[in-house]
Amino acid sequence: MSENIYMPYQMRIEKITHEAPGVKTFRLKFINEEDENKFNFRAGQFGEYSVYGVGESTFCVASSPTRKGYIECTFRQTGKVTSALQRCEEGSVIGFRGPYGNVFPLEEWKGKSLLFIAGGIALPPMRCVIWNALDLRENFKDITILYGARTVPDLVYKHELKEWAERGDVKLVTTVDPGGETPDWKGEIGFVPAVLEKMAPKSENTIAIVCGPPIMIKYTFPVLDKFGFTDETIYTTLENRMKCGFGKCGRCNVGNVYVCKDGPVFNLKQLKELPAEY
Amino acid sequence: MSTDKRLVKKTSLDKLFDSIKQQGKTIFAPKLKNGKVNYEQVERFSDIATDYIQTTQSAKVVAFPRTEKILDYTKSKEGIAVVEIDLQSISEVVIWGVRPCDAAGFLPLSAIFNWDTKDIIYNTRLEKTTLIGFSCNKCDESCFCTSVAGNPGGTEGSDMMLTQLGDNGDYLAEIITEKGKTIVDKNPDLFETAGEIDKQKYLADVPVKFNQTEIKDKLANFFENEIWLQQSLRCIGCGACASVCPTCACFDIQDEEHGKRGSRVRCWDNCGLSIFTLHTSGHNPREYQSQRWRQRILHKFSYMPERLSVYGCSGCGRCSRACPVDMNIIEHLTAIQEA
Amino acid sequence: MSEFEPKVVAFVCNWCTYAGADLTGTSRIKYATNVRIVRFPCTGRIDYMLLMKSFAEGVDGIIVSGCHPNDCHYTSGNFQARRRWIVFRNLCDFMGIDIRRIQFSWVSAAEGAKWADVVNTTVTTIRELGPYTDYKKVANYFEKEVSHG
Amino acid sequence: MDELKKRAKELLETGAVKVVIGYEQGTGNKTRAAFIQKPEEVSRLIFDSRCVLNLAVYLNKPEVKQIGKPAIVAPIPVLRAIIQLASENQFTDDNLLILGITPESKFVEFNKLADVETYLDQHLIEIEARDKEILEKLDKMSVEERWNFWVEELSPCFKCYACRAACPMCYCHRCTVEMNQPQWISVPSHQLGNIEWHFMRAMHLAGRCVDCNACANACPIAIPLNLLTKKTLEEIKVSFGGYKPTLTGGHIMSTFKPNDKENFIR
Amino acid sequence: MSRIGVFVCHCGENISATVNCQKVAETASGYEGVVHSVDYKYMCSDPGQTLIKQAIKDKNLTGVVVAACSPRMHEPTFRKACNEGGLNPFMCEMANLREHCSWVHDKGDLTTEKAIDVVRTQVEKVKRNQPLTDIKVPVTKTALVIGGGIAGIQTSLDIANCGHKVILIEKDPSIGGHMSQLSETFPTLDCSQCILTPRMVEVAQHPNITLYTYAELESLDGFIGNFTAKIRKKAKSIDEKLCTGCGLCTTKCPTKKIPSEFNEGLGFRPAVYVPFPQAVPNIPVIDRINCTYYIKGKCKVCEKVCPTKAIVFDQEDEIIEVAVGAIVVATGFGIKQPDFFPEYGYGKYPDVITGMQFERLASASGPTFGEIKRPSDGQVPKKIVFIACAGSRDEAKGIPYCSKICCMYTAKHAMLYQHKVHGGESTVFYMDIRAAGKNYEEFVRRAIEEDTVKYVRGRVSRVYEKNGKLIVKGVDTLLGAMPVEIEADMVVLATAGVANPGAEELAQKLHISYDGYKFFAESHPKLKPIETNTGGIMVAGACQSIRDIPESVSMASGAAVKVACLFSQNELTREPLIAVVNRCAAPLYSTCVGCFLCQSACPYQAIEREEIKDRSGKLIKSIAKVNPGLCQGCGTCVAFCRSRSIDIQGYTHDQVYNEVMALLNEY
């Protein structure tokens, strides 16, 4: 690998999965075997994905580090690069730089229960941890996943949701916003915080991982607080505009904290110490 | 390496210039154009501007150009051939006439480009650059190097520092680095031995305007303060200050596409522009100019000293001079200190 | 080296010049192969930045053509365009962009022969002017600058 | 000036406006914008020939808008900008008070935008002789010489966008250069992108530029950008009878005359 | 994900004779995103279309490029085929290899290269196409006809007879317009009223026509198929439901000496009046300006005599709102008031009259019951001079155009005079005789030859009075510009026809354009002479330019057909290739800054203002919005928008930019 920190790995798109309208998952394989062997990442990290001629875009690695030989990413078409990614097909070559950023402290969480709370397109950053934890299932106690989206079609990872639902060792609750249900919808109807409240989660020896749109996060924290989760046991990831991924380009800092280096994973205690500029 | 001191005759300065030129090095030196003095590639010694306080733009361009290639790519049926920038192709450059504040600016710049991950492109460019500094015997009301631990004869960052000993006087040459020494070695007869010289008395008197440590301490709890809005009310949100700043390192990475060929480039960006932090979702963590102004000051005087142990300002005063709306940094920092 | 073949791009409106060029075809009138036609609904839609981008990407000459005054399918798109062209052309000239390389014309749906003539004379003119090296040099910015600001 | 200060004070005291945007002494020999929000601070207001910043640029700034209704100190170029902006629906009589300053530095208050428009009829845009001379000099050059002139002038531009930021007419929330699908103009600064940016900006200002020179004054490396807009102003004068800001009626570039010249069209 | 199919057509040998189609297809197969690329003999044939449909299914294509003939020829064909294959029709583009390539170039590499380039641009374009759906606009099947002259009458009847509802509004108290004022009509000399009156009655009685007289358009909103018109019904001071039209009030009204508009000031009418005996509706109105009651506060004679108590003095103007789907503007023309040429002495000499006044003199229902008598003394004029082109074709007077009808009516006037005044002498001064029309030239010849009307080719410079006679001074250009002076008892000016005085104001209400003379502008001078640029609004008759009766009537029928076509569907289907203003998330909502400069650039007034408000109703920003009913898709606004906030579907920035890039770069 080059010493040039801006050089991406060459990745071939091995598989494309349509997750939801405008949302796709790419499975990426290293073209260069050497790169693959050297490559290592941990749950929570992100990278810079690039379409040559269009540019780079930042999002998390959505696959688990326990699954070797490939990485996966899930993105929604919003800007220039994600639109170009949408036009890519299986077999296309794209660039990937990473991994960057800190990780979910899975080691520290050993022996605890995990409560995942995700909304909309924010499941991908969590999927990485979920699979990581599931692949090391014996390390953890109860694993609960609460996932909500605006409408049924907007739910991502529909196959995996099914898989998780069928597994005996995971409790999965899915919900859609009122009005977003389909006639055959069997999950909950209601906003994530409300559903969470109904679930009355136990906070004892439990870590809550929350990812979602700001409005969801805002109303979820008080619910967790109500059920006795302390700030140190609530984790989330931040997303900020980034260009480099390694603390140089100057965009992502919140106060003196660089989301790309000190984040993207923060617990609520850390988050509360940040100035309100994210 | 202890600083070797030599004397260069005023009349030998052009010979020194020509000698460096003959070694095949590209020389950048201050040159007058449109009433402004700027670093430009200079072929003749006589083209070098002499009567100026400071160049409009800083010398950072040599190590951190406004636009530089990271890689080239060519797409084909078989895939994409990516070629990274050839570091060998970076030419040797001499900057002639760097002011001490400009040379000192490379320290924070290097700190940014090297905290944990090393930016080899930047490093290579800097390695291939020789900085011949000229101390300041004049200053203006925008200068404040002495407030940020610099001084008008500061040698930090320079490879060689020349100080003119009085009007029309000869030059004291301080040989600071190996690169500086190389120049001396190539032209031994131009560098005479110098006796004991107190260069201090030939330097400009730059008054101390504020105390940066005090400001740093104050800024630690200054995030929510109305001063940011007050000060930035007249700021129009351009990137002039960042573009001329010797220590501003914020950049963007962009692809330039021409059919199947193209390049990825790194280019300057400015934290003063509203789109700098704009998310594609429309959310902008620094939506208002006051937030962006706060970021600029905090970055240089709080975050950098905290995270990189170096202040992000060398006191050159370029931002104040370049600002179209007179956002004077001395004035604003003083106000913060006094707030 | 082979003879210089000018690259010419034509920005035309759908209703008059595009149809006129169709008529050139139906009438089997031959013209130079150098031209590539880009179709727009109306000359009013033609963005001057496309002309700039064309030069940047290496064309040697440009044709912009639409309906004669008063014949615009949309009544006044060509009038709007004409006003824009006046300023555009003037600014181009002022910035040293060679306006001999931009041919504006009105070619109606009935003027198949005129279209062939416009193309041929433009190609001849450009052939005489030679490749637009001035612009190409600037467009190839990475060849010479970039390393030092 | 005393009259202006008196009026400004009154306006602030009565609460008729929340802020008076004017000029004050800056650092060194510079002047700068002042945002006077307290009656006792009106003494800071100054006006002299150094006050060339076009204050109209602040009227669209969100932070300034948040203060409340402004009164603005407006020499001729600012008045022109105000009328042009008003014609572009950026504000109405209700959200602005205008403290005009005549070319003789006399204070004149305007009650209505329409009055400003009438007043400006006596002060039509005239390109200064000095600039005309430069334009003529450039006109006399060959195309290649002009090209080289502009390549030389525009190459050093590092796209700080001070020209755009200082221009009262550049008030788009997203400038074209920030639209990236497609990326019309390269984000990095280089010869080509710089030429395209300044060309496009001049085109966008055609028929709107009030010739205040704010762009050229703002440029930290003194690129004579205003020559471009001055040239279009001249062309508009020759071809369409000239530009003056008006509250009603079409915009010069979005209207036309059936007999506009077309000697360049085959 | 782009999965593009490229289909290269040989068009028999039309393309393949000069273009190496196989190579084109091969090259295209190498482009990123192209998953299928073939060449075929006839793409437009059934098997060819099947190829496309099959490939769409087999290869799961997301876009199709057909490299064949001109899209102006077969675009609908291939779009339809794509649609049948399960692909959105707008995901298909055509590369023009025939008209723009094979037919105009010789066989050779350069021709094939060009073909390849053209295909590549379309591949890059189609990658950025968006599936679009046709725009459906509901249609309100009621027409509004403005103006109750012959054109308005004809168009109303035709539309009504097609079974659609019509609302006809007329600003005067009666319909009939100028035609009702005419004596006889050229070239047949049949009585104008005799042919018009039955039509007027038919209008009044037609179950599908609602007639509002003494009514004007107040305002108009909406777009094709969906207009909302506000109509001001001016107060007639008469209860129309109660009035039987007995006419008692008009005979008893003490104010009788008001110059009659209908008689062009040559007769009088009372303050409560019907304009003429055959008026439709036959209901009087009170002229409030001249009525004694309204001036002095007392009189009320009419109220006293009215047997049905139909007089309502305090009646107010009424504004009614109607929903209509189409509008026909048939407001007719005006007559240039002849006081603008003092040299002819109109107004100074009572016996210098206008052509329209002559019509009234010659009309059996006129003030003289059809006898030609001088206004000054009631004598029959022995010598009469007609001056043609009084104002028309006179650049100095601001009317460079020909008023078209004057030659004919002047010949008619002279003929009528000769018929009515035996032994009378009539002279016509003319510039040229323009008698193009069926039987028109014959008519003029008849006047000259059978009725011995003297035609003098030349301009009249002055008319003045000498010894109680009018002297007409002019030149005879056929006699070498010899000065001529003719003594006359009466002079008739063929005054120029002009736009109605309120035309400009009405055009602005309707958002239709008008020319420099304030005549309403047609959409296309040749191919759309009846439509205006505003969808759903037609023009008929002399409001578009001066027309004679047969032309007005045919135009009116034409307009009726346009309306009927529109009303034949329940929904309008329009190609979705229209402009759209972008929208995005808060806090920006749109990159549009609301400068509305696009508004003045739009030829169709399709750009409206949209106000974005927060939950409390506070205005956040105003942005432009394209009315899909009005936008025709020219894209002028697109090229004009600085912030590129407005884009046009089918020719988006992204599409055209990449077309150009693809054209000029290797791929």
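Going by the order they are written in, the chains are A, B, C, D and E; count residues from 1 in each one.
The definition used in the following text is that contacts are C-beta pairs under 8 Å (C-beta built on N, C-alpha and C of every residue); 3 or more make two chains touch, one makes a residue touch a chain.
Since this is a predicted model, take the numbers as computed values, not measurements.
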Check every other chain and keep only those touching both subunit A and subunit E; list them. B, D
Centroid comparison with subunit E (C-alpha atoms), farthest chain: B
Looking at B-D and A-D, which pair shares more C-beta contacts? B-D
Note: subunit E sits from subunit B at a C-alpha centroid distance in Å of 69
Once you find the CA centre of subunit B and the CA centre of subunit C, what distance in Å lies between them? 45
Go ahead and note the Å separation of the Cα centroids belonging to subunit C and subunit E. 36
Going through subunit B residue by residue, note those that touch at least 2 other chains and give them in order. 57, 66-67, 75, 252, 254, 257-258, 265, 281, 283
Junction residues of subunit C - those touching two or more other chains: 48, 53, 57, 70, 76, 80, 84, 142, 146, 149
Pull out every residue in subunit A that's touching 2 or more other chains. 79
In the complex formed with subunit A, which residues of subunit D make contact? 180-181, 183
Subunit E contact footprint on subunit B (complex, rising order): 75, 77, 257-261, 281-283, 287
Could you please specify the touching residues of subunit C with respect to subunit E in the complex? 5, 7, 9, 14, 18-19, 21-26, 28-31, 33, 36-42, 44-48, 50, 53-54, 57-59, 70, 73-77, 80-81, 84, 116
Which part of subunit B faces subunit A closely enough to touch in the complex? 70-71, 73, 75, 79-80, 82, 84-85, 112-113, 115-121, 223-224, 249-255, 257, 262, 264, 266, 269, 271, 276-281, 283, 285-286, 291, 295, 298-299, 302-303, 306-307
Please output the residues of subunit E touching subunit B within their complex, sorted ascending. 30, 32, 584-588, 661-662, 664-667
